[in-house]
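Right after this note come the structures.
In the two assemblies presented below, subunit A is common to both, partnered first by subunit B and then by subunit C.
Up next is the complex of A and B:
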């Protein structure tokens, strides 16, 4: 390798690295922005907002996105195909992508997904409930909102037993 | 061979030059854009966004966070290798160094915290002979004494027995605080700008600052004080009046009551958790209904100047309240200041004048 070739290779590598680092991929680790919007629409039909936040407001999409990059990596293909199908059904029924449809239209589309791709719907429903009711440290259940909804006292109050080993086991 | 050496030397020189330029350039880049540079790593976006909604919004990331070369290289390796954790958080060594960063601006708060028991070090807590001979060292100790510690108690102190001698085995941790600033303060949190409370002491309860939060070791996250539970306590079968001051919900996380033990009178009668059980210090008797913060300062627990806030110097009995036979004046007193009652001293009944004064709220 000549000095000129080395410098050129180094410059190209640096440029590629810098471009990769400076590209704004959004907040998602696994999903694209479009996939995240579609997933949010499906999740919000499973846990809609009432007095408490909806699934997407409680961070369920963040939960699923993080798990698809880790423990649920095996489900990435199912999500990619399922979300594409959801948008396709949305376009056929409503003329727009699922995320852009009205809430009643979204409900119709999600019910159609449940009929046509039950495996994908069950997967999303399972992961939505995990994200909504699980520990906030995994990205969902933002601010422990579902625990407060259920009246679960978190973190629990746990005082110590005031025993004294030096006085025997029953002290 | 000579050409090969020349290429190797060239590579090395290029690496040094690029490294030096890269590190200093990166520091300038991240320091100059008020966090915008840091969010170009998409993993950090939510965290940088969080601090922009806090009282620390005017600070740059590098004002508080470590910028050493080793840290930057580690971040790059995690970013490129996509080996980051589900939720980004500070390592235990970073939390310890963060305390120094807090000190730079909050010098008075740091000084009062450092002077009090909440700044106890790992050595003071985990090698205390009185504690270790009476109770077992266990991971649950870390819930309140070392909630940011990344590991188990076995990695921290040895031996785990009741005979000792004990020593802190985690390098560099013996003289570090077990309860640093981030135990009760949540920096990257959403909320409004902090303002000074109108009054320091309030029985009704002051507004709860957004930054007040408890770091729960089990969930590895802060829980805002406003959302933490306040216990419903009992004195025997009688419900205890617990002050609604939400700030003290943080205190209750460690100074917590226990459910009645199986076989106890309280359990047999299905009474709720008893005031004074476990580590609870909820006031009963003459002080029932007061908040922790009615008497204690938050940062150092000091309550020495608190009596004058409510009491005239002389009690109804003509005795200086600070010199009465309570644990306030004498830690060995049988009359704990948290639970002292009129009848502790007036064993034959409270005199009529005293009852009238109490009834009229004097």
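Up next is the complex of A and C:
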């Protein structure tokens, strides 16, 4: 890399950082607040809370939201349609949006989504489990909570890991 | 650009070795690699983005942008596939190629693997063939690879290993828990288990330290540089001769030929996307089976209208890799000890000699699993989501063992690489189009192997086992890709001769897994390395000082 390229890359990186800070879209990069709430309700049925956090508590919505702006850009439309459909199924069954339904109702709605829109459900299931059990650096699995749940320590060998696995360049 | 003796396309397992052998002998070499040079600092230990789990992309290339391939499915429909998708059959695009991030099993093929057709006969519809060379031809070069790249292990406990002149340069890593569980069980079954030979330092070797036994192994660059690939052995040695220049981010467009039908060099797009010409006396293609075939097919000219070396329509045929099968065992005690690389014990009793089967394959325990790998490897009947799935993850992540192995793949001429007539990559070059499948006998062997794996796990105390054996409708190639520029004595039925030289063009060589006639029941990298030493040796013996004469 020449010095010029290096400076240009640095300038672009800091511009991107600044853009991220001044976003007017709220906390989400890809989703609307309403979409995020619906998604959280679905994710929390896939990985519900027990003595360890649920998917959304561990940051899985953040994970999916970030990836919809990056590696999963191609799935944005599927999410927009699928989440809208989830809300309409919720409205038909419970009279409210999915996020506002009671937990047993949410389970019924998510089972209905699995039946009626299997492709979308499989996508959300895959992304939720990735986010929950994958590397903390992408926003899900906050504090490596799923790894602690499974009894796999982090870092694996104290004093040997040169990297803080939760920091550094994000996806 | 200054003319050199040799241009080598691809800085992977084979290309790195050829670069070192030629430059050490005094030839001037330019080594072209389409990817960058990563270091241990690029390890990153990212469970979602590495070279094995690619849900967020490949860590070591190629990028998803601008590098498509086309896959023709069993019904004939074409799909544009991206490098992070399985049907792309990716290996890697970086200095070191697959050896930067591989699991690093270091198998020698068995003598029978070079004589498959004469041992078993070719199943109808297959293109099973004998190699033009035998195990004895390669033995000295297997040895050279084991010592120069660095292999740890010990195959003395089994009679089912190839004859060797001396033991491996490093002892095996100390056994992990899976080894301790599986070894006595295998012995009770009358098998001959032994530690897997690995291109991984178990003790300090070659100026680098030993494996620190972490969880992030196969698919990752090694944080402590204990995994031996071409990027930390032969390529630095080649550069140290002063005769070799490595150019990264350089994508070769075509091999240039003169009007007498000899190669005069290559044209390539440099790191800034500018088209360059590098003239040379010799061109060595070491781009891995799919890309090597693609480059030959893309090198069209008046004398070679169907691509270089493709006079008899052989380039790209016999694409193969390995059909992996095995079994997953569930135990009522912890089998997981968080000690990498995890894969530790193997048997080669089943590679040959089963009546009714054309070969077999090794069986070994799988590499250490990350939580992400357990998601769909739970006992049959486990809920796919919800509290049941979460509980099952907690119950089973530390209590499974996978035994599996690469089944000897029975190739077909229809499993092949061609050029897609429409899809182009970011440089405007026609991309590889993959089609066909292995011969169905491959899957029959695989099913027998899976049952054997399950029996081993049960003997080791598994409460329950699940077979992992399918009949995929896609030719397996991926990181074990091979076969597309078959080695042979008959120019009508093969692409290169026994010394990896094109039958058609006497100063072009294909030196990588492409030349494998079949791919053995073993991970192929050590054989790729041995062939690189073997072919370099033959090339240098016919090199006449300042130019190459046949």
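Following the convention adopted for this analysis, the second predicted complex is superposed on the first by the 133 of 171 C-alpha atoms of A that agree within 3 Å, B and C clash if a C-alpha of one lies under 4 Å from a C-alpha of the other, contacts with A are read in each partner's own complex, and residues count from 1 in each chain.
The rule is simple: a contact is a pair of C-beta atoms (placed from the backbone, for glycine too) under 8 Å apart; a residue touches a chain by one contact, two chains touch by 3 or more.
In this text the structure is predicted, and so the values were computed from the model without any measurement.
> Considering only the touch criterion stated at the top, classify A:125 as touching first (subunit B), second (subunit C), both, or neither.
It touches subunit C, and subunit B stays clear.
> Quick check on the superposed pair: does A:28 touch subunit B, subunit C, both, or neither? Answer first, second, both or neither.
first
> Which partner chains sit in contact with A:137 here, subunit B, subunit C, both or neither? Use first/second/both/neither.
Touch partners of A:137: subunit B and subunit C.
> For A:104 in the superposed arrangement: first (subunit B), second (subunit C), both or neither?
After superposing on A, A:104 lies clear of both subunit B and subunit C.
> On the A-aligned overlay, A:153 touches which partner chain: subunit B = first, subunit C = second, or both, or neither?
The answer is both, since A:153 touches subunit B and subunit C.
> Using the touch definition from the top, say if A:48 reaches subunit B (first), subunit C (second), both or neither.
A:48 sits against subunit C, while subunit B stays out of touch.
> Report for A:66: first if it touches subunit B alone, second if subunit C alone, otherwise both or neither.
Once the two structures are laid over each other on A, A:66 reaches subunit B alone.
> For subunit A, give the residues common to its interface with subunit B and its interface with subunit C.
70, 135, 137-138, 153, 157, 160-163, 165
> Spell out the part of subunit A that touches subunit B in their complex, as residue ranges.
1, 3, 6-7, 10, 14, 21-22, 24-29, 66, 69-70, 135-139, 143-144, 148, 153-155, 157-166
> What residues on subunit A touch subunit C, complex-wise?
Interface residues on the subunit A side: 45-48, 50, 52, 67, 70-71, 107, 125-126, 128-130, 133-135, 137-138, 146-147, 149-153, 156-157, 160-163, 165, 168, 171.
> Flag every residue of subunit C that touches subunit A in the complex, lowest number first.
43-49, 55-57, 64, 212-215, 223, 336, 338, 371-372, 374-375, 384-387, 389-390, 393-394, 397-398
> Help me check something: in the complex, which residues belonging to subunit B touch subunit A?
My answer: residues 7, 10-11, 14, 18, 40-43, 45-46, 79, 82, 86-87, 133-136, 140, 143, 162, 214, 216, 218-221, 223-224, 227-229, 231, 252-253, 255-258, 261, 273, 277-280.
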